[in-house]
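Here the structure is laid out as structure tokens; the discussion comes afterwards.
Going in written order, the chains are labelled A, B and C, and every chain counts its residues from 1.
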Amino acid sequence: MGAVIELENITKVFRVLNRHAGLRGTFTDLFSRDYKNLVAVDHVSMSIEEGEMVGYLGPNGAGKSTTIKIMTGILEPTEGKLLVNGRVPYANRTLNAQNIGVVFGQRSQLWWSLPVIESFRILKEMYCIPDKVYKNNMEMFDELVGVSELYNKPVRQMSLGQRTLCDILASFLHDPSVVFLDEPTIGLDVSMKSKIRELISVLNREKKTTVVLTTHDMGDVEALCRRIMIIDHGKLIYDNNIQQLKQFFGSYRTLKILSAGNVSFSEADLAKYGRQLLALCPETRNVVFGSDEEWLTVLVPEDEISLIKVLDHMQTLIPFKDVRIEEITTESVIRKIYEGNCDAKPTLEA
Amino acid sequence: MISEQREKKEKLRRGAFYYPRIYLMIITQDIKSKMHYRADFYISTIGMLATNIAGFISFWLIFQSFPSINGWTYYEMLFLYAFSLLALTPVQLFFDNNWALRFNVYSGDFVKYCFRPLNLFFYYISETIDIKGAGQLVFGAGTLVYAWHHLGLEVSVQSMVLLIVALTSASLVMIAMMNAAAATCFWVINSGTVMIFLFRFKDYAKYPMTIYNIGFQIVFSILIPIGFIAYYPSLIYLRAQDVSILTYLSPIIAVLFYYGSYKFWMRGAMKYSGTGS
Amino acid sequence: MENRTKKLPFRRYFSITRAGILEMAMFRSSRVIDFVGNMVYMIVVYFLWRAIYASTHTVSVNGMTFIQTLIYLTLAGAIFSTLNNYLVWKMGHDIQSGQISLFFTKPMDFYLREFFYSLGNVATQLVLTFIPTFLVVSILSGWALPMGVNLLIFLPAIFMSLVISFSIDFIVGTICLYSQSIWGINMMKEVIILLLSGATIPLAFFPEAFRNVLMFLPFQAIYNVPLMVLVSNTYTWIDYARALGVQAFWMVILVAGARLFFRSSSRVITVNGG
């Protein structure tokens, strides 16, 4: 089967007015013709097969949403070729829309004040979903997440988690071949996040729907994606499977400590802690100390030493006022990729 | 893949009733959910009636001090006024979502309309129906009957059918104007000013075009075609011997204006989302 | 809270005014459109009233000639677009979204804050829209408009018009605490003000009994009073004083009314929690 999504050297350049600050600046801007070019997406190429679940990461402003907009057919690239389901998305918007599903984490696409079942019914008409398909899907959705309890609730009255759930279901309702999920778990609590991840995983598996998942949440990535793409400053800097990525950052978690004593940590302090910890426990040689405002951060490679053990040791070195444990952020991952633990340069091919 | 096979079927299966069916579904639901807000309905209707009555009072005041406007009598002016109100009701009722357009565009919410497999304009406009327009419908119909009676116009099947055609084409003109005004939000940030600016013009549709010099008659027939909202269609009733060629052309012109405004709106929507074609 | 506001340096409020100015100045196309709008309004008013006056053989009707009516209505339209603000909508939306409760956590008087912002808006529109319109009207009427002391007196007059109009808007906005219908309420307000202030039909054309009643309402203080100050050739110092006096009177009443109404209504928020 050919690739479902195929991008070749996609580039998008925006012309932006140079705005100036202040009262005088605003008035001179009234007569200004000074524009600059902003390269949002820079020669990005990729090829996604049917049934893949791809994670698309990158810091804010990196070009993620621009690429997604191009793939979903609502933005036309300045240069480059792309095909989704064998057709050019922006040239055949409605045809393309028939065959894709889209979810934005925060903005619901369902009708706000209608009971959600009415939204589903309208979608059935809109996408010309055959009765049988509709029935089967609704039953499947109910089995998976018990959506029938929500049928009569207007979307307006739903919690963020319920709303997201319904949006995701709605995006799969018409059996599209590709679904784009943009930050689906943002703002949700832990139990809701895992429920949604489970749902996405099952739908991807059962329906063989290709899923492109944009996210900032490494938990999403770990739970769902086999393949990861990272975009930064418009360029695709990583396109490989998650195992490769793990080689870069392993299973790191960050231990954050708020000291009852110090409120800032110098380089010398960090080095001192490094030495002291190493003396207590030789396995901590790859632990990295840093600081984040008043917090002392300890990046722990959990495949070498358990974070709890590090926590235990640190208690003897520092008086604790507060402790936090965090996932490694995508920013840290990207930074690590740039620093390159294994290969010197970031890779582009799978 | 299921989808590829269905693709071909879809294009055929979407018959003539696709859009009407969806529209009916959506507005039925919209009205249902709005009926929960009774108080809002009443207050809005009163607000609507207040504007209509104010128009009526303006005429009344003018005719207290002056005998006619360019040879047009009180009841003739009322006829024009009522006709314009009726012609302005469809845009109020069905195209109300245009007012929300600039907010949706500004906030970025507008993109969500671009992901569905149906005509963007249709989808956007169908979201809202403004039930307070019903108040204007009643007031306009009442005033028209009043003026009709006082002018001694004939009541027949023919004149009724003609009236419906005339009102339909007149309403398309205002719809076209508001479409175009709303669509400016794709290019200009504070397009609310444009919409309010053009919306003010509906108040001038109730005056006969003969008051203007030839230059402005052209402006108000072509550039901001308020002449077609009441004046030209009404000539059949009020100045049967003096019917302008534009009166006969009004349905065609109305449809063309509407189509033009639709294209303009779509062009803006495409540009906004970045597809220049 | 009242005492605190007197002690607060007005510099803080003027930075809000600056923000209001910026908001208006930023949208260059809107300012142009506003001006064009006034011009087109003037044209339509010209033709309409020319036709109206043509039907009678007297030059002056109810004390107003055609030119006077024309000038009056055009400038009324210009004042309308100058004073125009979206306060009712802003307040309505803030109330509906619950955002209004945020204002209570800030150490700034809500009324003053919104007023100074509007002041910025209006000042900018005055310069960019009203003055050009006034100049065009002057030129086209063959410099029939007086250019002297009346211009000076016009400034405090239009300022007080703003305060009155703003206070009415503020009251209407507060009503939104009690109802979901922002549009309906705002529409009624606008219709009433425009009609009863003489902005759409000069007060001279109202039947005498009506007119006498209307002179006792605040609406004509927004439009009729500053307009007469601006265009009248016959105003004496006494007339100016009286005009400003009427405005000052309404200003005091409406500012107090708006603030009191808001204060008692805001209990609704604190009790119901937005």
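Please note the rule applied: a contact is a pair of C-beta atoms (placed from the backbone, for glycine too) under 8 Å apart; a residue touches a chain by one contact, two chains touch by 3 or more.
Since this is a predicted model, take the numbers as computed values, not measurements.
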Chain of greatest Cα-centre distance to chain C: A
Innermost chain by mean C-alpha position: B
Geometric centre distance via CA averages, chain B-chain A, whole Å: 44
Averaged-CA centre spacing for the pair chain C and chain A, given as whole angstrom: 50
Distance between the centres, which are taken as Cα means, of chain C and chain B, whole angstrom: 29
Contacts with two or more other chains, residues of chain B listed in rising order: none
Of chain B, residues touching chain A in the complex: 1-4, 7, 10, 13-14, 18, 21-22, 25-26, 29-30, 33, 108-109, 111-112, 114-120, 127, 273-277
Chain B-touching residues of chain A, taken from the complex the two chains share: 12, 50, 69, 72-76, 85, 90-91, 93-95, 97-100, 102, 104, 107, 109, 111, 113-114, 118, 121-122, 125-128, 154, 175-177
In the complex, chain C residues that touch chain B: 27, 29-30, 33-34, 36-37, 41, 43-44, 47-48, 50-56, 61-62, 179-181, 183-188, 191-192, 194-195, 200-201, 205-207
Contact footprint of chain C on chain B as seen in their complex: 37, 39-40, 43-48, 50-51, 54, 57-58, 61-62, 64-71, 132, 188-190, 193-194, 197, 200, 204, 207, 210-213, 216
